[in-house]
Amino acid sequence: MSVNSMRQAETLKKTTLFIVSILIIVFTLSPIVWMVICSFIPDSDLYRTPPFFFPQKLYVGNYQFLWGQELEELTGATPGVFAQARNMLASVGNSLIVGISVTVICMVLGIFSAYSFARVPMHGSGKLLFYVFFSRLLPQVAILVPIYIIIQALRLLDTLLAIVLVHTAFAMPFFVWVLFVYFKSIPQSIEDAARIDGCSRFQQLRKVTLPISKPGLIAASIFAFMTSYNEFLFASTLSNTIVSRTASATLTAVAQGMGRYSVALFMACDVIAILPPLALVLVFRKQVMEGLVTAFRR
Amino acid sequence: MAGIVLENLTKNFGNVKAVDNVNLEIEDKEFVTLLGPSGCGKTTTLRMIAGLEAPTSGKIYFDGKAVNDVPPHKRNVAMVFQDYALYPHMNAFQNIAFSLGMRKIPENEIREQVTNTARLLRIEHLLERMPSELSGGEKQRVALGRALVRKPAVSLLDEPLSSIDAKLRDEMRSELIKIHERFPTTFVYVTHDQVEAMTLSNRIAVMQNGRVHQYDTPINLFHKPVNTFVAGFIGSPTMNLIEGRLSKDPETNKVTFEGPDFAFPISMAVGDIHLNRKSVLGIRPEGVLVSEEEVPGSFRTELYTAEVRGEFTILKLKIRDTILTSRIESGRGFKNNMYATLAKGYLFDENAQLISTF
Amino acid sequence: MSEASGTPSDTKFGITSTLPTVAFLTILSTAPLVYAFALSFQKYKLTSPGQHPFIFLENYAKVVTSYHFTAAITNTLIFTVGAVVFVFLVSLVFSLVLNERFRGCAWLRILILIPWAIPEMASALVWRWIYDSHFGVLNAMLVYVIPVFDSYQSWLGDPRYAMAAILFPQIWKEVPLCVLLFLTGYSTIPQSLYEAAKIDGANAFARFRRITIPMLKPIIQIVLVYETIMGIASFAYVYILTGGGPADVTTTLSWYTFMASFSFADFGQGAAIAVVMSVISLIFIVLYFRLIPTRRFGAVGV
């Protein structure tokens, strides 16, 4: 290849990289950016064609409203939807409570199961693992009705407990799976050494396996938390009042009013809602990425 | 301390018999090696002694007590693993001290014992380092320290030298002998390297396909192999094994071994049962004597290859299509056509069992 | 898997460790599923509480003959195929770029995670607003900034656009994971293969076609099957953006299940569709497990 054509190929490559990079940025960020922009615009300015792409000033009224202030311009047509939005912060709080509870339960139950599947020889271990994993893959919509009926029968409608239970059932399989793969990647000889050195299975888990497994544990926990946080169908179906509303449930309720009034306010709700999971993923991105990859690698 | 008895020990993985009815008696403070090619069941046997695998059938006794149902952490065994298996989140000191800590031994005693052991293994200066900061040989010593610090009844070593480069391996071998002297406990050692086995052990169990072919001292294994497998496995370079038939001349009553390319008269008595059947002639390379002049009873050979290995030279000599390996001192020199005399040798029957030696 | 029989203490540990999880999941996942199955054979209308006679396959008959159903099957097919194809292509292109080293590539790799991190409902809300037929920014972009259309389109209300409208957010959401999987895939291919190919005279495209794609087969299989499962199960965007319309154009199986249960207030029928949907998903899950563990292409002679 001549020097010139090599240089041409080089520039072609650089230009393609640049174009696609811009594409990636636009692709990934544009909905989020638009969400943020709209949350800082007063509603009246939103219902214009064309919209203000870049507002001159940042309007914080939407956020002030969510923080509890009353603002005249934000009296909407349907108090119901507004009341929902009002609860945004509280519902994010609920989401955090539920998410953390789900994660804790997953840890208590899931660590032992995952470890047992990975390392403890037992008849039927493989079949049980398949069973655990399998339960997640079926469409959740399918069990919406039965769960509703069951929760109703247990008089647990509109409680955070119900949501925690349901979400744990959703989060557990993937949690166990991620940890299973992770535990399997630990050299068995280290665990054998621990047991020869005097550890029972339980002690070995506590003193040797778990300290080494921190990245896997972090990843699995984040996945559990996010599964719970993202879940909206059951969260909204099983809750009626703010008592048990999660962030996703509130957003679902808010969505009923979309496009008709106070979109800016709802965008502000949205921004607040996405902050916790976004922060979590950005801070722990390394563990998250490794966790996702190992889980699918098998 | 503990003598170990393995009684009809069997381990199946699905349809595969990894360990097949192994019976072994190891005496207290003995250094015994399980020797064999990969897949022969030696590591599985070791793991069953450790309690890391449960036998499918058979029993294991420590000092006369059956330990089948005793979990590893209650068996008072120590193990050195092929990949060292050091706890990556603890430094060398903590690695060695770990088992002592599990027994709730007071801290100052732990410190004393660990430092003593470390000093004996010459790793005192490494105690603060993390495993990732240690070289292979150093990790090996820390692993040994971890095993020996609590003066176990039985020490199990699973190919501990295989991950170390050749030169260091020689050093570590001598060190292991010294260590066994200094820490007189029962050592059960697993390796596929027969040189290691021969130099380190009091007795060796040669295994293949889950069974023990022969369990004897190194000398006896070398001089009195019980079948062709053991004969071929022990000794370097490998013994010459030639297939052929035994026949007896009815008139002279002389027995001859008829190989594919030459016939060899057998001077010892051979039972009639072995006549006219397949047989294997075994000659160690040291037993193939080479001369430049023809000697009565020798065979004319053609030089195939010659490898000068320092003090000894290994010659591969062809008698028509059969290749004989011979070992001579390098000073002697060699020619293209020389004469080979078969001195010491072994005769094996059609089932590869030893008939006699000469 | 640890299938071989172990020591008694191990078995005890194994049982105590796995039993709670298995029990928990059975109560909250499997039992409801079985209940759904049972429901599908009953008449369970909220309008007649307390009377749930067994009507066997009547629900299924109603479901399968409903015009919603054919629409649901077709739409789910279109949606899923579209999702899988585009997620695959977009992820492939993005991952190829992200695999290169250039200034800022680390930032891009962080950015690409964002659509995955955003809760489905949150992004559905934004997309709803972006697609708005009166004031949405997509319309603004396509009319004022890059004039493609003369006037605002109803992306969600126009049968021509509705399917594409719900497809795009799905693609947006699923791309990060697939990009990640591809990136890992690339890292498992030994550089020496590419170098040998370069010496043999292969250009970039040939190297891609002959080395990258074949070596990536296990990952491609995972991506295809997983995205199929995700495509079938996708619900949020139909729920928030189109509500199955206009005129059933975007009614997918998941939407139909939901509608039958809560809009028609006929839990029996809803359960029947749920079972049908589960069976279809099951087929794909079995495929998933058949295809993995895949035989990995070991690089010869490395």
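When the chains are written out, they are named A, B and C in that same order, and each has its own residue count from 1.
One rule holds for everything that comes next: a contact is a pair of C-beta atoms (placed from the backbone, for glycine too) under 8 Å apart; a residue touches a chain by one contact, two chains touch by 3 or more.
Bear in mind the structure is a predicted one, so any value in this text is a computation, not a measurement.
Of the two chain pairs shown, A-B and A-C, the one joined by more C-beta contacts is A-C. Most remote from subunit C, judged by the distance between CA-atom centroids, is B. Chain centres here are Cα averages; for subunit A and subunit B they lie 57 Å apart. Taking each chain's centre as the average of its CA atoms, subunit A and subunit C sit 16 Å apart.
Counting only residues that touch two or more partner chains, subunit A has 121, 200. Residues of subunit C in contact with two or more other chains: 4-6, 9-10.
Across the assembly, subunit B contributes residues 51, 54, 71 that each touch 2 or more other chains. Residues 1-6, 9-11, 13-18, 20-22, 24-25, 28-33, 35-36, 39, 90, 93-94, 97-98, 100, 102, 104, 108, 110-130, 132, 134-135, 137, 139-140, 143-144, 152, 172, 175, 177, 180-181, 184, 204, 222, 226, 229, 232-233, 235-236, 239-240, 253-254, 257-258, 261-262, 267, 270-271, 274-275, 277-278, 281-282, 285, 288, 292-293 of subunit C are the ones that touch subunit A when the two sit in their complex. By the touch rule above, subunit B contacts subunit C in their complex via residues 13-14, 51, 53-54, 56, 69, 71. By the touch criterion given at the top, residues 4-10 of subunit C touch subunit B in their complex.
Only residues 121, 187, 189-190, 192-200, 203, 208, 211-212 of subunit A touch subunit B when the two sit together in their complex. Those residues of subunit B whose C-beta lies close enough to touch subunit A in the complex are 47, 50-52, 54, 71-73, 77-79, 81-89, 98-99, 102-103, 146.
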